[in-house]
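Listed below are the structures to be examined.
Next, two complexes with chain A in common: one pairs it with chain B, the other with chain C.
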Partner chain A sequence: MTAVTTGGPANRKRGRTRGGMSRNAGSDVRAAYLFIAPAVIGFLVFVGYPLIRSFYLALTKYNGLTDPVFVGLGNFRRLFTTDPAFWPALRATGYLVLLYVPLSLILGLALAMFCNQRFAGVRVVRTLAYLPVVLPAVATITLWKFILDPQVGLMNTILDRLGLPTSLWLQSSTMSMPSVVLVMLWGVGGTMIIFLAALQSVPTELYEAAKVDGAGPWSVFFRITMPMISPIMLLQVILQTTAALQTFNQPKILTNGGPGFSTKVLMLSIYENGFPTLGRIPQLGYASAQVWVLFVIIIAVIALTAKFSSLWTYSDSTSD
Partner chain B sequence: MRIVVKRTIGVTALACAGLLTATACSGGSDGGSSDGPVTVKVMTWESAETNAAIKKALADFKDDNVKVELLETPSGQYGDKLASLTQAKQLPDLFWCGNDTEQQYTSQGLLVDWADKLNNGDGDFKADKFVPSAIENWKTADGQMGGLPSLMNTYGVWYNADAFTAAGIPLPKAGWTWDDMYAAAAKLANKNGAKYGLVADQLTGPDGPFTMSMYSVSAGGAPFTDNVNHPTKAEADDKYKEGVEKLTAAIKNGSVAPPGYDAANVQSLFAAGKVPMTFGGQWLAAGFQTDKPKIKYGFAPFPQVQTPTTLYDSVGICTPQYTKDQDATYKVLQYINTKVWDAVLPASPVAPPAYTPAQTSYFDALTKAQQQTVVDTVKADLSAEKTVGVRFTTQWASQVGDLTTANYQPILSGKKPITDLPAYVDKINGLIKQGS
Partner chain C sequence: MTALPTETTVAGATQSVAPAKKKPRLIGTTSWYVVALFICAVMVVPLLWMITIGLKSRTAVFDIPPKLLPHEWTWSNFINGPKAIHFPKLLLNSFVITGLSVIGGVMTAMMAGYALARLRFPGRKMWFYLFVGSMLLPGVVGLIPLFQMYKSIGWYDTWLPLIVPAFLGGNPLFIFLARQYFLAIPYSIDEAAKIDGAGHLRIFVSVMLPLTRPAWLTMAILAFQASWNDYLNPLVYLYSSGKWPLSVGMASFISPFAGKTPDWSYYMATNLLYMLPPLIIFFAAQRYFIQGLGALGSTNQK
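So, the complex of A and B:
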C-alpha cells in the first residue's frame, strides 16, 4: 500500500525515521491500521472470541444460569454414545444435503439457461424466478405449511380433484424431508442468478465456433458451457452444501423436526438444546459441542470438495 | 490531525463506556431510591388485552411505600426472554413462570423461598386456601417454594356434540371409559371432513408416557413415574402396558391421530368441525368465547377405567433472589393472587385461580357464557382424588423428550413392538439415576 523509499531528495525533504521509513509513510501505515481496525475488532469480538468461548463451553456443563463446570470430553462422549437424537439428526442432515444440493444445482442451472435465452418477457421471467428469494422466508415457509396441510391444504385438494393420490406430506415420516426440500427449492432463484451471471460470461465466440463445427446442443452444453462455468459450479457446490448443512428455518417452521426424528437436522437439535422451550433448562455446553461437530463436518466437506475439484473443474492455465 | 483522531477515539470510547454503563444500570429490577417508594416490576406472558386488564387492576393497588410497574413486553418468545433476563441477572421482581421453571430455578438457588411467609403470614393468604395439589407440586424436595401457583391448568376432552349426535353416540360425560372413547373415535373417523376421530397430542406427543399414567392409575396400576418433580423411578406395569396396547390399536385402525400429527391447528380444526374429539386444556374455552366455533361443543373429564383420574398442572409467579424488597414484592404477589384475577377473568375466563377464594369470578364468567360443561369438568378436575403429573420438571427433563421420540412413539406407531417398552423405561430410569 505504501511505497517506502530509502533515498532521494523527496525523502530528505520529508524527513527520515530511524527505521528508514519516512514520517509520512509511518503515518500512512498507522492510518491503514486504523482503517482496518473496525474489521479486525469486529472479527475478534463477533467471531474470534465466540469461537474460542464456544470451544471452551463445549468442554463444560453449562446451563447459562450457573457457572460452567469443566467436564472434558463428556459432552462429546454423550453425543456419540448415549444421545438418542444425535445420530438421527446427522442422518437427517445428510439426507437433506443429498436431496437438496443436487436438485438445487440442476434446477438453478436449468432455470438460468432458460433465462439466458432471448425471448420477449425474459426480464419478467427472471424477476419472477428471483422473487421468492426477496420475500420474507418465514412468511413463505408458513404459507407452504398451509399448502401442505394433509387435511385442508391446497396441495391435497388439487391432487384430490385431479383424482391423484394424496399424501400426508409434512406429517409422514417418509415424505416429510422431501417436502421440506421442496419448500427449500422455492428459493432456487438465488442459485439461478449466480449461474446466469456465469453463463453470460462465457465468450460467445466459443459457441459460434462450435456452431461452425456442427456441434449439437448436448455437445455444446457438456464441452463448452459446463467446463466454462465449472469454477462457478464449484463455488455453488460449496455454498449450497454449507447452507444445506446449516438448514434451520424450514424444518423449524414446517415440522419442528418431526415426525419422529425424520426432519430433526443438526441445527435444529443445537437450537433445541441451547434454547429449549419454556420450562426447560438450556444445555449450552452440550449445544456448543454439537456446534463444533457441525463445524468440523462443514470444514471436512469443503476440504474434500476442494481437493477433488481439479477432477471436474476447468482452469485456463494460460491466463496467468 | 493525529491529535484530532486521538481525541475522537477517546471521546468515542468514553461515550461507549458511558452507554454501556447506562445500559447496565437501567435494566433489571429497580428497588427504587432509599427514601422513595419501592418499585415492584411485574412481567407476564399474557396478551396485550389481558395485560391491559392486569395493568388496570394493578392501578388499584394502594401502598404509599410500594409502586407497581407492569413491564410492557410482547407476549411471544417468553422462554427466550426469560433465559436472557436470567443470564443477565435482570429478572423483574415478579414474573410469570411454570411449575418446571420454578422447580429448576429454585434448585439452582435463583428464587426467593416464600414457604415461610405462606405458612406463617398474616390473614387469609395461607397455603390451605390454595388448591392442595398445586401447593404440593410447587414445593421442592426440601420444602422450598420458589414461587406461588397462580392459575390452574385442568385438562379433559373437547368434543363436537353435533358429530356425536349425528353418529348416534352418547355424549362424553364423567364416568365414561377409555373403551367408550376409542369406540367413539372409531365411529367418528373419516366422517364429515374429519380424518381422525380423536386428536390427542398429549397422548401421542412428548408428554404421552405421562398422560398414559391416567389409564394405569385409573385401572389400579402404577403411574409412569412416582413423582414428576423428584422422581425415584419410572415403570410400565401390566395396566400401563394394556393402556399403550389399546392406544396403539386405535392408532393402527386410523381412529386416533398418530404421533407426528401436527396439532398446531387442532383448535381451529375442532372449531370448524374437522376434529370431532381432542384432548385439551380448559383455556380453550376463553378462545371459543371470542371466536365462536361453528359447532355445538362440550368439555368432558378424561375417561376412566375404574376410578376418575386426571392430569394436574399449574402456572405461577416467581421472584428472583435479588429482588430488593421482599416484603414489598410479597404484598404485590398477594394482591395479584387475591384481587387481580377478579378483574381479569370475567372478560377472559382462561383458567381457575389456584387461590380458591378467587375462583368465583372464573366460574361465574363461564356460567354466564353458558359453558356449563367446562364449569363441571374443571370443578371435577380440581377436586379429583387421583392426579398424575404432565411431565418431569427436573433439570434433565429435556433429554426425556428425545428418548420418547426414539423409543416410545415408534411403539405407538407400530414401528417397534410393545416388548420394547421396558427398554424405554430402563433408559428413563438411567436418566433418573444419573440426575439424582
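So, the complex of A and C:
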C-alpha cells in the first residue's frame, strides 16, 4: 500500500528532516491541525461517537422516544433464541454472499482478462461493461425488476423466443435470491476495472519469459497472472464480502425481502426494526444488536481472510 | 487501451510505466468479437429496452406476448411521467444536495490529504491509519445513533445530514487518494514557494490545487456519483416528499401504493431523465472514473 511512497519521495523525506523543515516546524504543526481539523472532527462525530453509542444501544431496550433501558445481553438472547426472523435473515445473507462474491470475482477477472487484449474496439467493450456501475442504483434495480417480470418482462420474452425455459424469477422463493444476485452481477464492471489495473501492472517480461520456456495458457494463468494479482484478489475478496454482507438496495427495491423470508437479508431486517413503517414502534436497541452481529461477522471475515491470505497470496520479498 | 496504466493518477505519477506492451492473445479474433458482442448486448439491451418501454403507451406495456418495439410512439410519457413525481423539484433537490456534498467532500479530503502527506505533526501516522481503517467500517454501524443524534438537534427531515458530513471529511477513500497524490509531488516545489514567502494556505491554493487537478476531478466525479445515487440515507433522514432527492422519488414511483399498478411507461421515461446527468458525466470524463478505481487497484498492489 505504501509502495507508491518509496523511490523519489524517500529521498525527499531524508532531505526534509535535515533541511529547512525544523525551522518551520511550529508553523507546520499549526497549519497541519488547521488543514486536518474538518476530517478529524468528522471522524470523531460521524465515526467514533456512533460506534460507541451503537454498542451501548445494543445493550438496551430503546424506542427512540423514552430513555434507553439497559437490558444487558437481552437483545442478543432474543435474537439467537426466540426471534423467528433472525436465522432466516442470517441464512439469506450468507446465501447472497456465497453466491455473489465468487461469481463477481470470477466474472470480474474473466472480463478484465478479456479486456486486457489488443483488439480494435476493446475500449468500447470496457466502457460498456463499466456503464451499469455509473448509473444510479435505484434506476437500474427498478429497471431489472421490470425485466424480470414473469409476464411482460424482457428476460422471459427472450428466453421464450429462444425456446428456453422461463422462470418466475423474483416471485419464486427458490429463484428470488439468484435473481437478486443476477441483478447485482450486472454491475460486475466495478470489479473488472480494479482487476484490469492489477493485470496491467504485471511486468510483461514475466509473460515473455514464460513464452520462451514454452508455458501454456493455463500454466501462465496459474503461475504468473494469479500470483502477481493475488494481493489485489485479497483486497477484492475483503471489499466484496463486506459490501455483500451489507446489501440493501437490491433486496429492498426488488423484493422487499420476499417471497416469504427468501431475500430478507440482515440489512433489511435491521432497517425494518430500526425504521419501521408508520404505526409500529421502532426497536432501536434491538436493531443495534443486529448491527453488531453484522459488524462482528464483517470483522471476522476480514480477519480470517487476512490470516489465511499468506497461503495463497504472493508477496515480493524484495519490496519493503 | 494503453491509456489506463499511463494515466492512472497515483501509480502513473510515481512509477515509470512500461512502454506500449504487446498483449498476449488468448483466443482467436472471431471468437473474441463474438464474446465482445455478447458482453455489449448484456450491458446495452436492458437500457435500450428501457427506452422502448418509455415510449410505449401505458396499456401497451402489458401486452401479452410483449412486443419489443412500441406500436405507437408515446413521446408524451417524457412530459407526463416527470410530472407525476414533480420531477423538476426533485431534480433541483438532487442538484443542491449533490453539489454541496461534492464541494465539501473534495475540499476537506484535499486539505486532510495535504496535511497528511506534506506536513509534519504529532499524530500524523495515527490519523492516517484511523482514516484508512474507517474505510472498512460498515456504514450501517453509525446509522441508528446518527439518526437519533440528528433528530435531537433538529436535523431530521432536513438536508443537513446528507451534506454536513461531506464537509467534515466524510469519505476516507478521498483522503487516502489525496494523500497518495500529494506524496508524489516533488517537495522542492514547496521549498521554492516558501522561500518566496508563501504560507501553507497560499501553497495549497495556488500551487497544490492546480498541480493536483486530476486527483480532485476524480474525487469530484466519484463524489457526484455517490451522492446522486445514494438511496438509503435520504430514505432514512427525509420524511417529507417535497425534500426528497430523485433517488427516493424514483423508488416511490413504482412502490405499489394502495393497490395501484405502477405506471411503467411513465417510470421508464422518467428513469432515463434521472440517469442522464451521471451518464453525461461518465462519457465526458470517462478516464477519471477509471482512474479513481484504477488507483485503488494499483496503489495496493505491493
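Just a few scattered comments:
As a convention for this text, the second predicted complex is superposed on the first by the 295 of 320 C-alpha atoms of A that agree within 3 Å, B and C clash if a C-alpha of one lies under 4 Å from a C-alpha of the other, contacts with A are read in each partner's own complex, and residues count from 1 in each chain.
The criterion applied here is as follows: a contact is a pair of C-beta atoms (placed from the backbone, for glycine too) under 8 Å apart; a residue touches a chain by one contact, two chains touch by 3 or more.
Keep in mind the model is a prediction, meaning the values are calculated, not measured.
Once chain A of one complex is fitted onto chain A of the other, the partner contacts of A:T66 are limited to chain B, with no touch recorded for chain C.
Here chain B and chain C are compared by how many residues of chain A each touches, and C touches more.
Using the contact criterion defined above for the overlaid structures, shared-chain residue A:S173 touches chain B, although it does not reach chain C.
Legend: residue contacts after superposition of the two complexes on their common chain; A:R280 is shown touching chain B, with no touch to chain C.
When the two complexes are overlaid on their common chain A, residue A:G260 makes contact with chain B while staying clear of chain C.
When the shared chain is aligned, no partner comes close enough to touch A:P227: not chain B, not chain C. By the touch criterion defined above, A:P203 reaches chain C but does not reach chain B.
Once the two complexes are overlaid on the shared chain, A:Q151 sits against chain B and chain C alike. Counting contacts by the rule stated earlier, residues 27, 64, 151-152, 275 of chain A appear in both its interface with chain B and its interface with chain C. Residues 1, 4-5, 8, 10-11, 14-15, 18, 21-26, 29, 32-33, 35-36, 39-40, 42-47, 49-50, 53, 61-66, 68, 108-109, 111-112, 114-116, 119-122, 124, 127, 130-131, 134, 136-149, 151, 165, 167-170, 175, 180, 183-184, 186-187, 191, 194, 199-201, 204, 225, 228-229, 231-232, 236, 246-248, 250-251, 253-254, 264, 267-268, 271, 274-275, 278-279, 282, 286, 289-290, 293-302 of chain C are the ones touching chain A in the complex.
Considering their complex, residues 27, 34, 63-66, 83-85, 88, 149-152, 170-173, 255, 258-262, 272-273, 275-283 of chain A touch chain B. Those residues of chain B whose C-beta lies close enough to touch chain A in the complex are 2, 5, 45, 78-80, 82-83, 86-87, 98-101, 104-105, 108, 110, 193, 195, 258-262, 265, 269, 274, 393, 395, 397-399, 402-403, 405-407, 409-410, 413, 427. Contact residues on chain A toward chain C in their complex (touch as defined above): 1, 3-5, 7-9, 12, 15-16, 19-21, 24-25, 27-29, 31-33, 35-36, 38-43, 45-47, 49-51, 53-54, 57, 64, 111, 113-114, 116-119, 121-125, 127-132, 134-140, 142-147, 151-154, 157, 160, 186, 189-190, 193-198, 200-201, 203-204, 207, 211, 217, 220, 231-232, 235, 238, 242, 245-246, 248-249, 253, 267, 270-271, 274-275, 284, 287-288, 291-292, 294-295, 298, 302, 316, 319.
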